Every structure is written in C-alpha cells, then in structure tokens.
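Scroll down for the structure; my scribbles are underneath it.
Chain IDs A, B, C and D follow the sequence of writing; residue 1 opens each chain.
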Amino acid sequence: MTYRLEMKEMTKMYGSFKANDSISLSLKAGEVHAVVGENGAGKTTLMRMLYGMEQPTSGEIYIDGKLVSFASPNDAIANKIGMVHQHFMLFPDFTSAENIVIGHEPKSGMFFNRTKAAEQVQALGDHYQIPVRPNVKTAECSVGEQQRIEILKVLYQGADIIILDEPSAVLTPLEVKGLLKTIRQLADQGKSIILITHKLREVMEVADSMTVLRNGKVTGAVSKKDTSVDELAKLMVGRELHELSNRVQMKGEPILELRNVTVQEKTNKPLLDDVTLTVKRGEIVGIAGVSGNGQSELLQAISGLRSIQEGQLLIYGQDITNQSVASIRKAGLSHIPEDRYLWGAAKQASVEETALMGYQRKPDYRSYSFLLKAPFRKLVNSWIDKFEIKTGSLDEQAGNLSGGNLQKLIVARELGQETPLLIAAEPTRGVDIGAMEYIHEALLEKRNKGEAVLLVSSELSEIMSLSDRILVMYEGKIVGEINRSDASEEAISVLMAGGQQNEH
Amino acid sequence: MELFDLTLISSTLRMVTPILLAALGGALCARVGLFNVGLEGLVLIGAFSAIVGNHLTGSVFLAVGFAAIMSLVFSMLFAYMTIHLKANDIVVGVAINFLALGLTTFALRTIFDVKGAYYDKDMKGLPKWDIPVIENIPVLGELLSGHSPLVYVSFLAAILLYVFLYRTVTGFRVLSIGMNQVAAKSIGLKVGALQYLAIGLCGVLCGLAGAQLSLGQVTLFSEGMTAGRGFIALVAMMLGQSHPIGIVGSSLLFGFMDAISIRLQGFSLPTQFTQMLPYVITIFAMFLLRDRGMGSQHGNQQSGR
Amino acid sequence: GCGANETTNSAGDKTEGKAKKVALILPEKIGVNPFFQQMDEGAKKAAEEFGFELKTIESTDHTAIEENLRVAVAEGYDLIITSSFEAEDALKKVAGENPDQPFAIIDTTVDLPNVRSVNFREHEAAYLLGASAGLSTKTNTVGMVAAMDIPLLKKWTVAFENGLHSTNPDATFLVNYVGNFNDPAKAKELALLQASQGADFIAGAAAVGDLGVFEAAKEKGFYTAGQDVDRTELDPDHIVLSQLKGTDAVAYETIKAFAEGTYEAGVVAYGLKEEGVGLTYVTHESATPLNDFVGQEVVDQVKEIKDQIVNGELEVPNPLEN
Amino acid sequence: MNTNFIRFLRPLFQPFVAIMIGLLTGAIAISVVGEPVLASYKEMWNGAFGNFYFFTSTLARATPIMLVGLGVALAFRAGVFNLGAEGQMVLGAVSAALAGVYLPGSGIGKTLLILLVGMLAGGLWSLLAGWLEAKFKVQLLISTLLLNYIAILFASYLVSDPFQDQSGSAALAQTVMLDQSVWLPKLFQGMSVHWGFVIAIAAALIMYVIFKTTSAGFEVKMLGFNPFFASYGGINKMKVMLVSMFISGALSGLAGTVEVLGTQYRFVDGALTGPGLAWTGLMATLLANSHPIGTAITSIFLAALETGAMGMERNTQVPLEVSSIIQSVLILFISAKITLKWWKRKKKAGGSHGTL
C-alpha cells in the first residue's frame, strides 16, 4: 500500500541554525499521526513546510507517491492538504459560514450566495458532527467554536490530509473531548490527520502512530501499540520525569484580598460579580472554570489592566484598588499573562527587550535613567540556562522563538521579579512536558518559600496537582471552593458547568 | 448675503464629486491594507489626461476613458512598488504625488507648448445632463438636474462599490485582505492579484475624479489644479471608515461645509477662519463618531513600523 | 592618457563669452503666473536685441531664491534681475554682501545702492477697472474673485472697490477668495455664487483661477475682466475688459537701460502715467471690439478719470500704504 | 565565492540597485528633452555636493527635514502616526517669530528662549491631537492631518492681519524681521548652513542614545511594538503616548523655529509649506525605518536631491519638471525592497511569491 503522504529527509535552515534536520515521516489514509517533541524541536517548522508556508532547504514531499513541491499554501491546498493553525486564521468580522467558504464561495453569477453558504456549512457540520452557528460572527464565538470553524474550513476545502498544530492547548476539557472524538471520526471517514501536541495522554488516546522530535531530529517513530506515555516522555525529553516536590505546610497571613469586586462595562451584565477571595502566604490558589466565565477579567482587574467599579483590592493590606499597573507591580505582584503574544511579548522586540519588561526601572538595572545592560544580560542568561530556553541569541526577535520557548522566557521573567504574589495564567500552555515540570516545580518552590500564587488554568490536572485550594468561577461569580484534599475532577466539573456545590 | 440658497446644494454636489470619487478609490486601497496618499497625484494625472484625450480625440467621452486609463497606469505603478517591491505605501504615495506634478507640468509644455495652464475656448467640456422627470420638479429639479454625467456617476460608483464589496465574491475576498492579510494568504487567496484589482479600480476612480475636475467643473487644465483635493479625499475616506456609504456622507459633509464657508466670507470674520470651518467640523464629526468602527488601533497598525 | 586632445573647443566657449550675461531669477516657478511668463519674454526680447546672454532661473521654493541669487553672483553675471516681494529678503542679504554687483528687482522696493527697484502702481489700474464696473453694471452688484485674502491683493480688491464706489456709490461689492493661486474649479464656483447673488460684472483676480471665472461668465452670461494681459480675445462676448500690467516692457526696459548705460540704482515706478499699467480700451487698444456692456460712453468717462490720475488731480491711494 | 564578501555587500546591494534604476529612469527623461545625460547628472551632483558652498547649502536644506523627520520618527516609535508635522512646524515657526519680535531682551539668552517657545508651540499643538485621541478616541491619523490646515490658516491670519510687517511694501504676509542678535549664527562665513544643523544632528544623536540606552526609550519602543504588552508591563500608555506626541511636535516646531532663526529671520506665510518640508521629513523617516541616525542620513540625501535638481535647473536646459521627475523616481526606487532574492526570483521561470 502506498502512503498518502511521505516526507523524506526534510531539512530547514534559518541562517546557520538547523530547525529541522533530515526529518522523514509517512502517513496512511485513515491514520492519525502525532508529532510530539519539546519546545523548539521543530514541529511547527516541519508543518509549515508541508503547508507551503516555508520552503525546505532540502528534502522531498510525496503525495500518493507523487513528488510535489509547494511554493505557497495554494499548492498545498490544491493537493488536498489543510492546516488548522494554532493561532487561528480567522476574519473576525465575517460570519462562521463566510469564514468557512472563503476561497470557494457558492456563487450566483458573480454574486456571493450567502444563504447557500450558510446551508452548505450547516450541512457540512451535520455530516461531520462538528456543530457551528453559520450566521454568527467569529469574533463572537468561543475559542472551541472558532476551532471547529477552522476544521470545517479545511474540510470544506476538500482536504484529505489535515494538520492540527496544538489544537487542544486552548480548549476546555469538555471541548478537548469533543475534539478528540472529531479527530477519530474524521480518520474513520478516511482522512489522514497529523496532530501536534504536548499532551501525551491525548496522543495515546487518539493517535495510531507517532514521530518524536528533539532538537530538529527524529528521536523515535513508533506506533501506539508499541509504546506508552512514559516511553514517549523519555524520547521527548531524553530523561526521566520526576515527581513534584513535597509541600511545606505553613500558616500565612493574607497577601492578596479581593472584597466584593465588581467589574462591569456600561450597563451590561457584570463581568465580575461581587468576587471575594483571599490568597495567603505559602499557598497556591487555583481558579478553575470554563474559559469566558470571568477569569480573564479577574486577572486584569487584579493586575490593574481593567478598572473596578465596586469593591476593594488589597495586597499586604495596602489598598491597590484602581491603581496603575506599575504601582500594583511595585506593591508586590508579578504576572504570567494568559495570551503570550497579546500581553506577554512584542513580536518585533528582541529576546532581551522582551525580558527587560518590568525591570527597566529597577535600581539594579538602571542608573540615571540609563539601562545597565551588563548585569541584566547576566540575569537573562541565567534564565536561559535554567529553563533551557532555545534562542539564537539575546538579539533574536521574540516572534521567532517557538511558542513554548517564548512562554518559558515569560515565566522566567515573572518568577525573576521575586514578588510575594504571582498570578499565573495558563503558565504551561503549549509548553512541553519537560518544561512543564520545571515550571510546576518553580511554582511550588515559590509557594514553599512562603510566597503566594494565584493560578488560573483550563487544565484541570494542572490545577489539581498544584493548588492548595481551588475556586471555581461561573458567570463572573465564584461558585465554589474546594480544598486540595477534597478535589476531584467530577466535583470541579459540576461546579464549572454551573451546578451546585455538593457537601463533601 | 444669503447663507442658504439653492445654489448651495447644487454647488456642493459639483464640488464634492472629485473628492467622493477619489475617496472611494482610496477606500478600495485601504480595504486591501494599503494607505494611498497618492490620490492627489492620481487625480492630477486624470485631470491632465482628460484634457489631452479631449484635445486628441475631440470626444469628451473618449477623453474620460483616456483619463481613467492613464490614472490606472499610474496606480499600477503604485501597486507594483508596494506589492512586488514591498516599498512603503506612504513613501510611494508621496513620490507619486511629486511625480504626477512634475510629469503633468512637463507634458503640458511638451504637448501643448504652454506653461501654467492650458485653455482652449473651443474645447467642449462634459455636457450637463437634464434628468427627464426630476428636471421639471420645481426645487428638486434645480438641485439634482443639469449636472455633468460624472456627478451622477460618482454617486452611482458609491452604490456599485457597496454592491461590489458586500454582495460579490470578489468584493468579499477584497474585504478579507484588509481584515486579516495573513489569514487571506493562508487559505490561498490570490492576495496580490486582488490588491492589484483594488488599486486598479482606485486608479480608474481617480481618473474619473480628474476628468470631472478638468472637463466637468471647468474645461481646462492648470498645474496642480487638484489643489489638495486628494488629501481631502483621504480625510473623507478615513472619516467614512472606508465604507462607501460612509464616504458619501463624509464627502457631502465636507463639501457642504466648504460651500458654507465660502458664503461666510461675506461676513466680518477673517477669511482664514471661515476657511477653517470644514476642517473644524470634520474633527467634530470624528468626535461624534468616535465609538464606531476602526478604533485607534487601526492607526497603529498602519504606522511605519 | 587618452582623450586629452579634444578639449580645445570648450576653451573656445569661454573666450567667446564676451557677451554680457544677465540672470533673471524668478522667485517661483513660471508656472501659472502670466506675470513671470511675460517678464521672461520681455527679458528674452531685450537679450536678443542687445546681444546679451540671458539665463532664466526659476526657484522651486522660497529658500531657493537666496540660493539662486548667490550662485548667480558667484557665476559672474553682469546684471541680476529678480522679482517680487518674495525675493525682497534674499536680495537684501545678497545685494548687501555684494555691493559691486548690479541688481534689479521688479515689483517691489529694495533700498540699496546697487539695486534698481522697479515698481508698479497696479492700484491705479484696478481703480479704473472698478470705475468702469460701477458705470457699466445694470444690477448695481459687482463682484470680484480674488486668489487669497492676503495684504498684497488689497492693491487689487480695495482699489477696485474704491473705483467702483467713486462712480457708483450705491453699488454692492462682493468679494470672495479662492484660498490659493491654482484652483480654477473653485474660482468658478465662487463666480457662480456671486452671479446667483445678482452680480452682472465679476472681475477675476485669482491668477489661474481667472480662467474659471471666465467659464462661469460664459455659462451664466455675466461679464468679466482679466488681469495682466489683454484677455478679451479669449471670449469677447463676456470678457469685456482687462487690467494690464507691463512686466514684459519693464523687464525689457531694465535690460535696455543696462545696455545703454543708463542703468542706475533707485526706485522707478510705473503707473498709468508711465504706461506700466493700464486698462484695455482706456489706455491701450485692444484687438477685440468693445463690448456693448461697457460701451464707448463709459470708456470716455473712465478716460477722463485716467487723465485726472495721470496729471495728478486725482490720487489713488495705495491700499498697502496706510 | 567568498561568503564573507557577499555578506558585507548585501546591505549595500539594495540601495545601489535602487539608485541605478532611479538614475536610469532619469536618464531617459533627460534624453527625451534632448540633453546630455552625463553632463546633466554632473550638474546635479555639483548642485548638491559640487563644492563646499553647495555642500553646506544641502546641509542647510536638510536641517528642517531632519528635525521634522526625527519628530515623526519618535511618534512612529511610540506607535502613533503623526501626520501633523506641517502644522506643528508652522505653528512653531510663527510663535518663534512672534516671540522674537515681541519678547524683550536680546542675544543668545533670547535665542534660547525663542527656541523654547517654538518647541512649546509645536509640542502643544501635537499634544492636542494626542489628547483628542487619548481622551475622546478621535483618530490621530485624521486629526493631525486636519489640524495642519487649521494651524496653517491660523498662522496665515496672524501674519496677514494683527502681526503683519507694516514696514516696507507691507505686501507680504510676514512678521517683521528679527533683530540680528537673536539669529542663529552661520557655521561658516557666507555659507547658508547655520547652527540649526548642529541642533538637528545633536537631536538625532540624543534620540539614538535615548532609544538605545535609556529606560524611557525602551518604554516608548515597547509601546510602539505592542501597546498591550506595554501596559501589561506597567508602562503608562497614556502618559508615554502624550509625551511622545509632545516631543514629536516639539521637534517639528523646532524645525520651523530654526528656519526662522537661521534662514529667513522672520515668519513668511507659505514659506515652510511651499517646499513640502513636512512630507519630505516624513519620507526621510520612512526610508530610514524610523532610525534616528538613518533619518539624519536620508534627510541629507533627500535635501541633496533637491539642491541637485536646482543645480541642474540652473546650469542645463533640462527643465525644472524633469528634475522633479528624477527626484520622485529616485525616491520611489529607494523605498523599494530590491533584494538579491528578488533578482534570483526574476531569473527563475514562473517564480512564485506570496508566501507568508
């Protein structure tokens, strides 16, 4: 049997840096193939070459045994390859249907038949059991729905080979379940799927075979029946993973207090509704919830990026309600933001500049408004060593870092602030399991030093393994609090879905 | 002196036509992510070519066509420089303005052997169209009838552009480019070709704007006769948020205020202050429109980073 | 070493340059301004006649004027002529620094021992034009479309109004400003507006904008007048008068004086008396027959006023001098 | 081939090709009017750099362009598109001229005071646009463009009515001439370049140092790169934007002021807007990608194109219009990203473009 897709000896150089080093990979019809590897291993680069977004330095691509070369995504699409980018490629002001049919619109003469487009999209969604609302603007859709739109778009274009780059990183557990089901269904209908992910449990659940990359090279090509999560992890990081360290118990005074905080835009429904919470020294408080239930607003309110209409915010008893970001940071807050490209970095800035944010006015790194580069570079280099951040140099553009490496840089930057309180929003999103271990360890270490962490994550396992207490948010309110010892996935899920808290 | 009279409206309609046409053209460029400050130059090329066309063919309609073609040619220069050679759109626009001024002056000398202005009393301008039924309605007839065809064309162009952008497939794709160019490329749209199309249409519209100026409003060409209308068009385009109907509104607002400011000259205010009126009112209009459409981020994205 | 043997004729050029060199430095591009165009023509004519070498240099913008003057000095022109208010400052500087270099400036005064200042009294002609308008109007409303509301143009607008009210005290005077010198389309709109307000005579004083005024006249059937040269031939049915300004003659005379050795520094003013300014039919003949709107009777009356001005009985105040 | 050598040449390749194409197009234009191409270009070169006098004239002309360019560059760096340089420059110039006439005192102290007034006027006018955006979300891109017209008309009013020079012919809309004691001295006797050029170069260097080494420069830059990132990091978005707008306008105001103090010695209506200094400054910035030192260099380049064109106009029969055509064609191609890749791609049959 011929392969549907074969990539042979693919190599990609960025300058003198080898992002992909003669990688080969093959894929059959109806097969789900996972590509895993640590951050910066070259997964995305490989896929960009397959989709015609980057030209390989050397190597060959065969589709159904035929040698092809892609100068642009057009050529890839013409060869029935579709890609769902991790950072979605959507037109926010267009409806779902418009986003899906664009490029192959149903026409009446020269006119765009929008009614027909909506019908086709509805039918397509029904056929693959991928529900979307055809006439809603994508800007108004949840992340999960946006992703379904992306998948339908690829299907609408007639793709037989579908690339999914970290599709589950931004989804809620429920949405992940749906996605995995969809992937399986598509494969059963004869589609070939390449799945890039860091979540090995997902890989084991859905993939038939996998390729493991490290430092641009293939370190393993295995099929599901011959492997396990542990083996994959070892192939990926090249070492065994450790257990998390022990928790030191301590009785701490409150560091962060929110008292009846309400955030509301004009007269709309409040985004945060009378939220009261406390984070004490030596604890990690986890916030669970389906995304869009006020977590973002909560973090923005605490960090000073959003004004509060009612209530009070205190750090160490000092009132910081509606203070500037700078003074709140000074009062003792550091912040790993949820969207690293929007809040956490500037793509055009260098790695050094990205790291410098928040340090530029610290006396250690500034004298008479001049920046002291030498000590700062030393600091950044220490982060790079500690977190194994892969970057060409400090002058590399932040936008050229792989997503995971940028995340590690941001985490290092915020931990480096050594503030009594850290807000960590999705701290390990898109980060490989090795790095995830580092980050989790670092958060625990912070806690054990007697500092406090407010953790927001859509990853229930992350919340459960790290948090001392778990608060669940629903529609802008805190609807429940569960202690570490009582936490179970079921209990949290019920609260997240708006159910009542049972006695435990 | 009367501030408001019938001529106010009909004068506004005439004066606003070149601005409206050019602003629609500018909007097309904006919709494919290019800020075209070269409108002034493109209109000037159109104005000159219309006169040349008329001189050569003796037919006003061929002359208008010639103007459209010549502006189209120069808009293709804009397109080639910005799309293929990735030149900064503003630099190219400014350079095109310079180039148009130089070329038309130069050609005026070489073709007509005159400096400054070309005027031929026997040259026929665009006819005034009397609209059959409306013509006879007392007030309305005076306002709406008896303009040059391009006046009607300009408003028709706004409607057609609306239909094009919001009803046709090609227009839909054009819109997508301005919204998210990276995404448009990623799904394999021929972004370059669509940009060429939009810029080409912009050229045609600017050519018509020029023809209205040199054959519709007057029948002559003089150096730099656009006198800043291209920049006003740019303002009208931005104020109208690159939406055809919005642009009709903003152009009319500006034209109306300009007409009022002329009429205010008779009163005791210094002329410089009456001349400020349209600009002040436009800022005020922006203030009222502030919560709509493209926020300030849009400006950021267009900056020369 | 090659090509060293063919430089002889360029040396010949230099020795031949015995002819005196005159530079005419215009403060702006000749462009839309017939004023400079004529000056250039007058100078060319004189240069040809007296065997001078003439170089006309147009200045691209304000700062280029001084630059051009300095270069002309450096390049050894025998006489450097420039023109207009815009060049005043530059000439003051350059002429002050080069006291042995003869200069001339047309249309304004620079009070230096090596500068001949040649002035016009345009207001006298404008006054006559206004007087004719006052006598000719049937609707008792007269308009003027001027380029810009700047002091310089008061010589036209204010003197015109004075002349108008001298013959027709009750006439309504309308004036509108285009806002620049290069917008015939807007000038036309202004003329149309004034026509709709009842003006039957609308004078143009808007540089190239006058062409727009003429078109409006043709369209709406009112009467109009042009500037600087006889514009009546463009459209004798509507352009019934022209206010004249002999920049060509003045440029010619300046070079002639230099050729004949009568050039001297100081101020020379050309008004009605010196025939440096004028009005068609009144001071100068025109190739086109007189339009009935004005009529011989009016011309005769205006001729009388002209005579009064020429012999000093009537003094037309310069609007810039109070 | 030696790869080091190629790497060294690569950055020079683009401007080289651009200038070649520009000159070639110009050559065609010159031939069309039947003039000798090489001789005309020689005159162009002479007009810009031919001798010390012309060289200093080029520098004098580059002075306001550079200052405007730096102002625009600063705003760009902060992520705002300040199209209002013209109005800010004119308002700075007229305020400086009036301060020079009506404030008491004389000498260097007063010169400094006038410079300050000019900068303040330009800065405040620019700040107005910034404030309208920050407070009322009135888009800066449009408001600055509109405020130009208002500023220019207002300045025109000031000098054609209440503050007009009534001495002499009183025909021009201009202020009276400033006392010689407050003039910015010329750098060389009899040459047009004045201390304003030194100020402009100093401004470029200071700006370079600020962006390269200071925390304030860092904050401005980050705001320009990503305003969300900036505010997340504790940078006061509003304050940095407003300060940037103020300084941006102040630099444009300074451009007008040094023209008044160093060249014209008074404010003349239209003398600053006529030559299109503001647009040229904007181009200088865009060609240099908002780099301060680069802006200084491109300003001199653009000024040289202008003085060169003047030289060509003076000494050849090539009409003025042709030199403006050459100028614009040169600018067009300088802005183009002509790369080796482009060259190669042309060679490859059916070469492609449009990848991400």
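Methods note: a contact is a pair of C-beta atoms (placed from the backbone, for glycine too) under 8 Å apart; a residue touches a chain by one contact, two chains touch by 3 or more.
None of the values given here were measured: they were computed from a predicted structure.
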item	value
Co-neighbours of chain B and chain A - touch as defined	D
Among all chain pairs, the one with the most C-beta contacts	B-D
Chain separated most widely from chain C, comparing mean CA positions	A
Cα-centroid distance, chain C relative to chain D, in whole angstrom	35
Rounded Å distance between chain A and chain D, as computed from the means of their C-alpha atoms	45
Whole-Å gap separating chain B and chain D, where each centre is the average of the chain's CA atoms	27
Inter-centroid spacing, chain C versus chain A (mean Cα positions, whole Å)	75
Shared-contact residues (touching 2 or more other chains) in chain B	105, 182, 185-186, 190, 270, 272, 275, 305
Per-residue multi-chain contacts in chain C, two or more chains	149
Per-residue multi-chain contacts in chain D, two or more chains	156, 160, 225, 324, 354-356
Pairwise chain contacts, counting only pairs that touch as defined	A-B, A-D, B-C, B-D, C-D
Partner chain D, residues of chain B touching it in the complex	77, 81, 84-88, 90-92, 94-99, 101-103, 105-106, 109-110, 182, 185-186, 190-192, 231, 234-235, 238-239, 270, 272-273, 275-276, 279-280, 282-283, 286-287, 290-291, 294-300, 302-305
Complex contact set, residues of chain B against chain A	167-173, 175-176, 179-180, 182-183, 185-190, 305
In the complex with chain A, residue positions of chain D that touch it	213-216, 218-219, 221-222, 225-226, 228-229, 231-236, 352, 354-356
Chain A residues touching chain D - in the complex, by the definition given at the top	52-55, 71-74, 303, 305, 324-326, 328-329, 335, 337, 342-349, 353, 356-358, 360-361, 366, 369-371, 373
Residues of chain C touching chain B in the complex	30-34, 37, 148-149, 174-177, 179-180, 182-186, 188-190, 192-193, 196-197, 208, 211-212, 215, 234-235
